[in-house]
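Both of the next two complexes hold subunit A, though its partner changes from subunit B to subunit C.
Take a look at the complex of A and B:
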């Protein structure tokens, strides 16, 4: 969102934020609108529950086709499965170039230049608009909304969208439209939440005692 | 969470609500609707067994006017209601029978009975040495009371040979110096307990569970230790009259071990019931500051106990068992072992409370189980992410309101964040940890780093505005050009807030408690703390400074620094102050200070003294409300239909408990 807003600051372009998530995910959209995005599209549709990469990329590509933006920004990865493949799947469906793992971008006329972070360093690459850009990770300072921004965000439009209205059939959506099946999921060991602040000279000793109590480091 | 059978009854799980005095009985010693609601709340929360707080077996054994009169048939109708409703939730309920003996919560106490005439060392009042008639009547009273509680629908009886009361004073070599058949030898000291057990056994049906709450270690210089405690257990078990042991420790002379505050580490008492478990074949109930499910589970796995006893954890969160069973342990509101709301009140014969569970002891009014969904959801904007703001946000959101919480700082928690930096006070962070998780779970829209102004708040177009902007140290604060700073400038100009009238508080080497705990650079290592509030602000900050390498003196014009601390906390603070060489100067009245020193008067002698060589001074004085925003909104909102409220420290600086109740009541009325 920050990167899109930086581009918009320079160009005057519109910024649209899109999420495909349950209704409870509205907080993220509200934050983006308060930061300065112009409007939001919330694809909240029970028919999409269980979607893997295939239906999710179908939905997002359909929205991109409808909105026909100059640049599509993706974050570094989703909060659930974190596969970081969605940017590639959407650009494939659109037939657009992809600048993945971008640490920064610069827009000159109709070209986007990106510094792409790789495991061994970086690559500078560029592509013509329209283009898909995905981030390598956090990009530094994010603008901070004030209360007036929060208030004006409440007046900005949030369009609630369904798979059906995007022209996706039931077979293309949700579990039915997915190529993979989740067979099981196991949480990490759930501990009851406890907050202990250790301070002062005895802190190390107490921390050791607590870890011992929990059986950490045993066997 | 597996079942366990004791005699003819079966517990659905291993969690036990430990017996404790609630002061929810009437002044006439009768059970009340409040007591009923208190126990039913815990039964509904899923606990397997409720051990009702000790009931007195005879008028001479009543430790407080609010002790329930076990012998009196008048208690039956209400107790039948209580046991019926507890049973309807699948929980069992045992009665604990006791005789107050040489201990009383009343001041002055009524005549206190003892094996040998002497005051319990924590008291200045002597006792009556019991004669044979008294002993005979006491034994009979246990029998009569046992019959009565069976009729009341209880599922078992626990007899108290624990941290207070007559029966422990008889088994204790220090308190029992008799040479008749009830004293002298170990067997003779055990005689009263055995005769009581035999009488209770005879008065109850076959297979009726009878257990003992046993003090395993008196934790005094003069009293008995664990070896003797285990010997008592062994002797009692050999009679075949006992069905389970509930472990216990401490005495009135070591009351910080009866109800250990946060300064006593979690798990401190595990060696006691572990040893008891090793020598005994009976089911053992563990005790003592157990609050974390994974620790409880581990204790059961390791065979350290058969049942997990919790009192304060279930006071703080009656739904603890249910949350464990349903795999939601992260939702548990953990006890912070502050002792302010529970033991701190009941020793004054005031109804039990919990500082961060407003419903505790007030279930009829404030039970979270009884929260009603609102019929007209409104847009509620809360300004301030301290405990009061978060509490009102939590309850309002739970009721279905659309809640936005604005916090000016980068984190939630308000002053609790600072308080948690004080030594032995870290667990207070549970208050904010719980609330932060709860408001996120209930969909409160949370905005950090957002400064609220009247204009921008009104832009949000709220139906309800709750101002919970907290308080600030009540010290002079001006910019270099002399303009006043802070969030109470307008309030002070309007004469609504006054600064303490002390010469020198505007000097640069005067630091607020907030500055110290926020880690502000100190001008040196020699500090003076002035304790004018008596709670954690002063002495906790002084101890923090000592732990950070400072040499500190605390002065107060009262009898002791920390005069407002709950007694177990104060007792252990004084021990630590001694060890850490924290100098405490009571009866020392501050007259004023300048750059070179502090002028005080010793109030006992009237002598003036000057304390010099200080690098900094930290006044812990009552705070001032940050009320400017509220006052402006109040003016601006005249004639509008926005409901405006001010809660928490923004209304009046206080301890957590009062503002939590205030916040919940407000949220229930929105």
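Take a look at the complex of A and C:
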């Protein structure tokens, strides 16, 4: 949201925030509106419960087609959530270029230039609008809304959206529209580690002895 | 017909990554047969050597990394076309990737292109009769630490799987690979401009394997906010060198500009899984823990007994890292020095 607002500050563009989550999860949207986003779309639909990457990317691509923005931003998410796959799936559905893992972006005319933090190192890359941008990680400083911002955010529109209104059939939504299943779980053993505490003047020597037991060192 | 998976072989600095070679070997073990796909100017040469890692067939594509304006191009999205061609025209149902930035871009797009389910962060794969089953370490930290695993499956005929980085070690195989160059059929990938084109302006485009070194390191010496200044990282480097390991850092250190991002360990970067992880002045935030919790042994050097990392370290050293690390280095040096005179004959 911060990055989108920064672009909007420079261009005067509208910022629309979108979430796909149960109806109870509106707090994040309110916060984004308080930060300065203009309006919100909350996709809250029991028909979407159990959606994996396929239905989720269908929903987001349908919203993008409806709104026709210049840039679609994706937050970083954690490595475990599949967020890095989702932005690629959405860019594919739209046929838009993807600048993934952006740490910063600059907009010049019709081009977006991004500093990408990939696992091979930093890469500066650029693409033409409209473009999908996903973030590499948290943005350094985030604006903090004041009380008046929070109050005015309550008057900003939040549109509640369903899969049906976006033109998705039941077969394309939720568990039925997903390409993956969880089959089962093996819980394993909950291991609470016993931590050996070393302190005092001999700590370094005792650590050295333990490392030797673990077989470290050259040769 | 037996299921034959296709493994996307990622090159870094012109060489296949260790993890994608390992994936090839594991896939051969599980499915009995496996094919690979390789992109790049030397794809055919590399493909010829992949039989030794388990591939019986290797599909290669030349790359034309220059766009019409002569700008270098990011080619990940064009690889989607090529892999989709292999699935649609050569009958592959299962495509497997080692996790990476490039793999995420390609697998995510391919999922939408083929309407195929994608399971990610997999640690293993197996066959249950005809059905392909993926194994994913539990997302719940406590369960994961105890070996908790989730079995995941696919709906529909096509399966995409993205594995953890460096999940398998390469195995040598006696198989010979049959190389099929598809460049003449599909055309060199990335040719010309497109409205989807991503131009590379500058930066490393495959020559910086730093985080890969971190991914396969036996020992990682990691520094955090407890380091008083950037010069302490030289001490960490020295220790890592003595232990035959690599240096990692927590996110705040990268944010301060003390050390390159490629060395960051956390939830936004590929997980590391060294045998020994030595955390120096790292409190152990949830994000950091996600990045390193697969380490076998964890040592925490910290002045704070109540730092979260003390609850999941095997050994907690209470003290000032600025004193402890030089002492430890000295002990390791003396040890190495004592051993060197031994005759090696």
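By our rule, the second predicted complex is superposed on the first by the 176 of 219 C-alpha atoms of A that agree within 3 Å, B and C clash if a C-alpha of one lies under 4 Å from a C-alpha of the other, contacts with A are read in each partner's own complex, and residues count from 1 in each chain.
We take it that contacts are C-beta pairs under 8 Å (C-beta built on N, C-alpha and C of every residue); 3 or more make two chains touch, one makes a residue touch a chain.
Note that the structure is predicted; figures quoted are calculated from it, not measured.
Asks: Between subunit B and subunit C, whom does A:198 touch in the aligned arrangement: first, second, both, or neither?
Replies: Both partners, subunit B and subunit C.
Asks: Taking the superposition on A as described, I'd like to know which of subunit B and subunit C A:151 touches: first, second, both or neither.
Replies: So A:151 only meets subunit B here.
Asks: Report for A:12: first if it touches subunit B alone, second if subunit C alone, otherwise both or neither.
Replies: Neither partner.
Asks: I want to verify the contact counts: of subunit B and subunit C, which reaches more residues of subunit A?
Replies: C
Asks: Which of the two partners, first being subunit B and second being subunit C, lies in contact with A:120: first, second, both, or neither?
Replies: A:120 sits against subunit C, while subunit B stays out of touch.
Asks: Does subunit B (first) or subunit C (second) touch A:98, or do both, or does neither?
Replies: The second partner, subunit C, only.
Asks: Given the touch rule stated above, what does A:87 touch, subunit B (first), subunit C (second), both, or neither?
Replies: So A:87 only meets subunit C here.
Asks: May I ask you to decide whether A:109 touches subunit B, subunit C, both, or neither, giving the answer as first, second, both or neither?
Replies: Once the two structures are laid over each other on A, A:109 reaches no partner at all.
Asks: Kindly list the residues of subunit A that each of subunit B and subunit C touches, one partner per complex.
Replies: In the superposed arrangement, which is not itself an observed complex, subunit A uses residues 190-191, 193-199, 214 for both subunit B and subunit C.
Asks: Spell out the part of subunit C that touches subunit A in their complex, as residue ranges.
Replies: Residue positions touching the partner: 12, 74, 76-77, 80, 100-102, 104-113, 115-121, 133, 138-139, 142-156, 158, 162, 165, 195-212, 219, 242-244, 251, 255, 260-262, 266-271, 275-276, 287, 290-291, 297-299, 305, 310-319, 324, 327-328, 331-332, 335-336, 339.
Asks: Which residues of subunit A touch subunit B in the complex?
Replies: 24, 27, 30, 34, 144-148, 150-152, 154, 190-201, 206, 209, 213-215
Asks: Which positions of subunit A touch subunit C when the two form their complex?
Replies: Counting only subunit A, the residues touching subunit C are 52-54, 57, 76, 78-80, 82, 84-93, 95-101, 103, 113, 116-128, 136-137, 140, 178-191, 193-199, 203-205, 207-208, 210-212, 214, 216-219.
Asks: For the complex, which residues does subunit B have touching subunit A?
Replies: 265-267, 292-295, 298, 327, 329-330, 332, 334, 404, 406, 420-421, 423, 426-427, 429-430, 432-433, 437, 443, 445, 447, 449-453, 455-457, 459-461, 544, 547-548
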